[in-house]
Every structure is written in structure tokens, then in C-alpha cells.
Amino acid sequence: MPDKTASIVFRHPSALCESQDIGAGTHVWAFAHVMDGAVVGQNCNIGDHAFVEKGAIVGDRVTIKNGVMIWDGVTIENDAFVGPGVIFTNDRYPRSRRLAEAKKRYKNKDNWITSTKVLRGASIGAGAIILPGITIGRFATIAAGACVTHNVPNHALLVGHPAREVGWVCFCGMTLDGTLACPDCNRGFRQQDNAIVPSE
Amino acid sequence: MPDKTASIVFRHPSALCESQDIGAGTHVWAFAHVMDGAVVGQNCNIGDHAFVEKGAIVGDRVTIKNGVMIWDGVTIENDAFVGPGVIFTNDRYPRSRRLAEAKKRYKNKDNWITSTKVLRGASIGAGAIILPGITIGRFATIAAGACVTHNVPNHALLVGHPAREVGWVCFCGMTLDGTLACPDCNRGFRQQDNAIVPSE
Amino acid sequence: MPDKTASIVFRHPSALCESQDIGAGTHVWAFAHVMDGAVVGQNCNIGDHAFVEKGAIVGDRVTIKNGVMIWDGVTIENDAFVGPGVIFTNDRYPRSRRLAEAKKRYKNKDNWITSTKVLRGASIGAGAIILPGITIGRFATIAAGACVTHNVPNHALLVGHPAREVGWVCFCGMTLDGTLACPDCNRGFRQQDNAIVPSE
């Protein structure tokens, strides 16, 4: 099997790229670690001191900023942005797995791993915390430092601790105005159920 | 003196293990750093990019997830879980110690280091922040992202910023129901003063 | 050009110091990375796993604790303290820069980088989050875990999420009492507009 990693991934000399499933054009920067069994797509950027665990899945053109840890059970779809120091979680009832009263639960991954999904084009601001079992909708934006405790609709903008919806954002990332129009790229949206969709 | 570290600690080639006081069966993962003068017990797991400072004390079977920093003044008892990106603190009035107006205070550790204790079997969720001088009770659970500003009773469950008590957890980590019973392992508890104790 | 870095900067063997603009007496610790084009003054301390990006500016006698990331657009003045895991930001509307709908904005730094300034002698507590475009006043203190969403007056003490002003701090870092006097070094202050100034 050709070593895809060696030929087409841009790897900083101090990075650890143990996975054979890293796509062409992806950069892995200093002191980052992509474990064997992690899947990372093409043209991604994985910052210094980031960590991608066996079982994690990252799509194409994703930005993983410095210090982010992507655990088993976390899926990041294409074009998403994960800001520096964002914290994912995958265990609702964490205990040290060598604790006598808890070790039984950790014998089988189905007992404890709860999945998280970040859908296409979403952005998670720096230092945000994502609780286990959350889906973050397409092109949603989570503000820096927000603590996300429930699912996030497509294009929603969330801030605070716990995170609450305060507005909507465009595909391009700008906040929509009161008529659900983008002040930057002029796309329009309309309300549909509890979310918004492009008006065209 | 035999090099305990070399023979029985599982050290990733990129980890720095300068301490001679790391117990048998403990794993220290990539880019982690355990300083000379740190004490770490047996069968611990110290994740990538973690840091254990001279003066820190960690018990047996403790899980220290990725990126956690354990400072001088912090004691972690046996079987505790410290989630990824948890932040400890040890200085109530931090200043750069080379600042003219503050450097006097930093000449003596007694002037500025405030201790933190995480008691046996407690869990601290990902990205939680622990202010200086806190004791986290035995088998307590701090939710991901919580900011802990006061002492935590045994078995208490805290969430939010600032963290507040919202329930109780079992030894095994599950949330107790309204009758103070564990839905998973069936242990029962009863109220005693401001905390709970096992009913048997 | 003499290699200033090699001769007078204290660099841990595992640190990456690519910048030629690091001042004498500065320590750069394990697994830290100071990029080419970053400017760091004299007698600073840059902790393990910290990252200083091309374009970032750090003054003299600054403490940058472990895991802090200083981005392009961030300026830290002399004598400041940046606690462990503090998160800076520089993009109000973050998207992956390879996302088709956003890549135009990222072609020119003027379109997206928003500056942050930490003025002389200020302290930022562990794990605090600083939103883009903020100025933190001289000798202000941000409590651990606070999320700073607006400019901070000189000597102000801020806590919480979002951060709010709850008091004042002395040059030395101690909280002032109700008469605006420092219980530790006895300096006095008086109110002036929305901030305080030394009374002498």
C-alpha cells in the first residue's frame, strides 16, 4: 500500500501522522497528532498541538485550529471551521476507567461513547464547549466561549453559557439582518419551521 | 537509584518524563511533560499535550486527559477523572512575576500559591475551570465547561458558570434519581447535612 | 545577521523558535512554538505548548502561560500576565477559508483580522476568552474563565460569562477595598470618569 501520508500530506517535521487516511493537500502542523484509525479528508488544515483520535472523522476543506481535540465519536463534515481550543466531549457520565465502580461500563464503547456531528460549513468559535450527543447544523456559527447544550439549527448563531440562539448567519459567515438578508453577499433567507432556508 | 521511569512507565517517545516518581503501569502520551519533582501514582493515563508541574501530586488510576495542566499546589486523589482541557489555577491575584509592583509577592511560594484538591473518584468534565483554593468532593462530577467557584460536596453534580449544584451522582458516575437511587447500579443514598452518603 | 535566538534566549530543546525577534532573557519552554515573524520582547516566559503566530507582538517581562495561542493581530504590552489556556480570537465571522462562499474574504487580511490589545501590566486569568477587537486596560484583571465581550477599563476586575465589572485591582494585583485603597501595598486610587487613577 502506498504511503499516502508521506507523498501528498504536508506534515510538519514535529507532527505525528500515524493515520493512512489523510487526504491530499492537508496540512498537519507542529506538535499535532493524527492517530492511526482517524480519517481526515483533503485540503484540511490541522493546527499546532491538535489531536485527532482513532475513530474521529473529518471531511474535506475543514479547518481545525490549534489545540483542538477530535475524539472517537466526533464527525466534522466538509468545510467546517473548528476554532482554537474548542472542546468536544463524548462521554455523558465520565469516570476514570480504572475506577472499580465504573470499569464495567468502559469495556464496550457502545456503553459510553455518545456521538457529535458538526455539519457542513458550520463554524465553532474559539474555546466553545460542545456537550455530548449534539448536532451542529449546516452553516451554523457558535460564538467563542459558548457552551452548547442542545442541537443547533442550520444557519443559527448561538452565544453564551449555556448557549442560546440570538440570530442567523449566512453561508459566508456574516450575521443576517432583520429581513434575513446578508449585508455582505446579499443572499436572502426565509423562516421555515424553527430554522431558515435560502429564499431562492 | 534505579530509573523507575525507564523500566515500568509506558512513555511515548515524544513525551518528556523528567520525574522519578511516576508509578508502574502509568502511560504518558505524545508531547506530554511530567516535570522533575511531580509525583504521579500507578496505572494513570496522562494524555497528549498534558503538563504536570513540579510540586503537583497525582494518585493512582487517575485519568488526566489531553491538554490538562496540573500545577504546583494541585492534588488529584486516586481514581479521579480530569477531562480534556480542564483548567486548574493556583494564584488568586495573578501578575507577571517580573512586574516591578508584584515581584516581591512571588519571592516566596507561601505568598501566592493556593491549593486545590480533587478528592477520590471525582470527575471534572472537559474544559471546566477550577478557581484557586477549591476542594472537589469524593465522587462529585463537574459538568463540561462549568466554572467552579466554591467547594463541592461529595457526590454532587455541578453545571454552569458559575457552577451550581443541580443533582447527585453515584460512585459509578450516573445521575441519581429523585429517590437518590442509581438507575444503573442500584446503589441507594440518603441526605446527610448538605451532602449525601450511601444508605447501606 | 547574528542569531539572536541561539545566543541569549533560553530555549527548551523541544521548543520551536523560528523568530529572530525574541529578546534577551526570554525563556521558551517545551513544545512551544514561536513562528518566524512573531515579535517577543525581553525577559518573557513562554510556557509549554504555547504558540505565538507570525504578526503577534509581545512586550517585555510578559508571562505567557502554558497552551496560550497569540494570533496575528494580538498585541500584549509589557508586564502583562496571560494565564494558562487563555483564548484570543481575531476573526468576527469565522469560516473555513477553503469554503467556497467565504474564501474571497480571506484573500486580504484587512477583511477579516480584528486586533486585540492587552495593555501594560494587565492580567488575564486561566481559560478566559477574549472576543475580537477588545482592549484590556492597563493593570486590569480578568478572572479565570471569564468571557470578555467589551473593552475593559484600566485597573478593572471582571468576572463571569459574559464578563462584567465587579471591582478594581491595584498595580500589584490585589483587589482594592471600598475606599479604593490596596490592602497589601497601601496605594490609594480615586474615581475618574468610568475608571480609577492613582490618587497621588
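Each chain carries a letter (A, B and C) given by its place in the written order, and its residues are counted from 1.
Heads up, the rule we're going with is that contacts are C-beta pairs under 8 Å (C-beta built on N, C-alpha and C of every residue); 3 or more make two chains touch, one makes a residue touch a chain.
Predicted, not measured: the structure shown is a model, and the values here were computed from it.
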Inset, instruction - Give a one-word verdict, same or different, on whether chain A and chain B use largely identical residue numbers at their interface, taking over half shared as same. - result: different
Inset, instruction - Determine how many degrees of rotation, between 0 and 180 and to the nearest 5, align the Cα atoms of chain A with the equivalent atoms in chain C. - result: 120
Legend entry - Inter-centroid spacing, chain B versus chain A (mean Cα positions, whole Å): 26
Legend entry - Residues of chain C engaged with two or more neighbouring chains: 31, 49, 67, 85, 127, 161
Legend entry - Complex interface listing, chain B residues touching chain C: 16, 31, 33, 49, 51, 67, 69, 85, 87-89, 93-102, 105, 127, 129, 131, 147, 161-162
Legend entry - Residues of chain B defined as touching chain A within the complex: 14, 30-31, 43, 45, 48-49, 61-63, 66-67, 79-81, 83-85, 121, 123, 125-127, 141, 143-145, 160-161, 169-175, 184-185
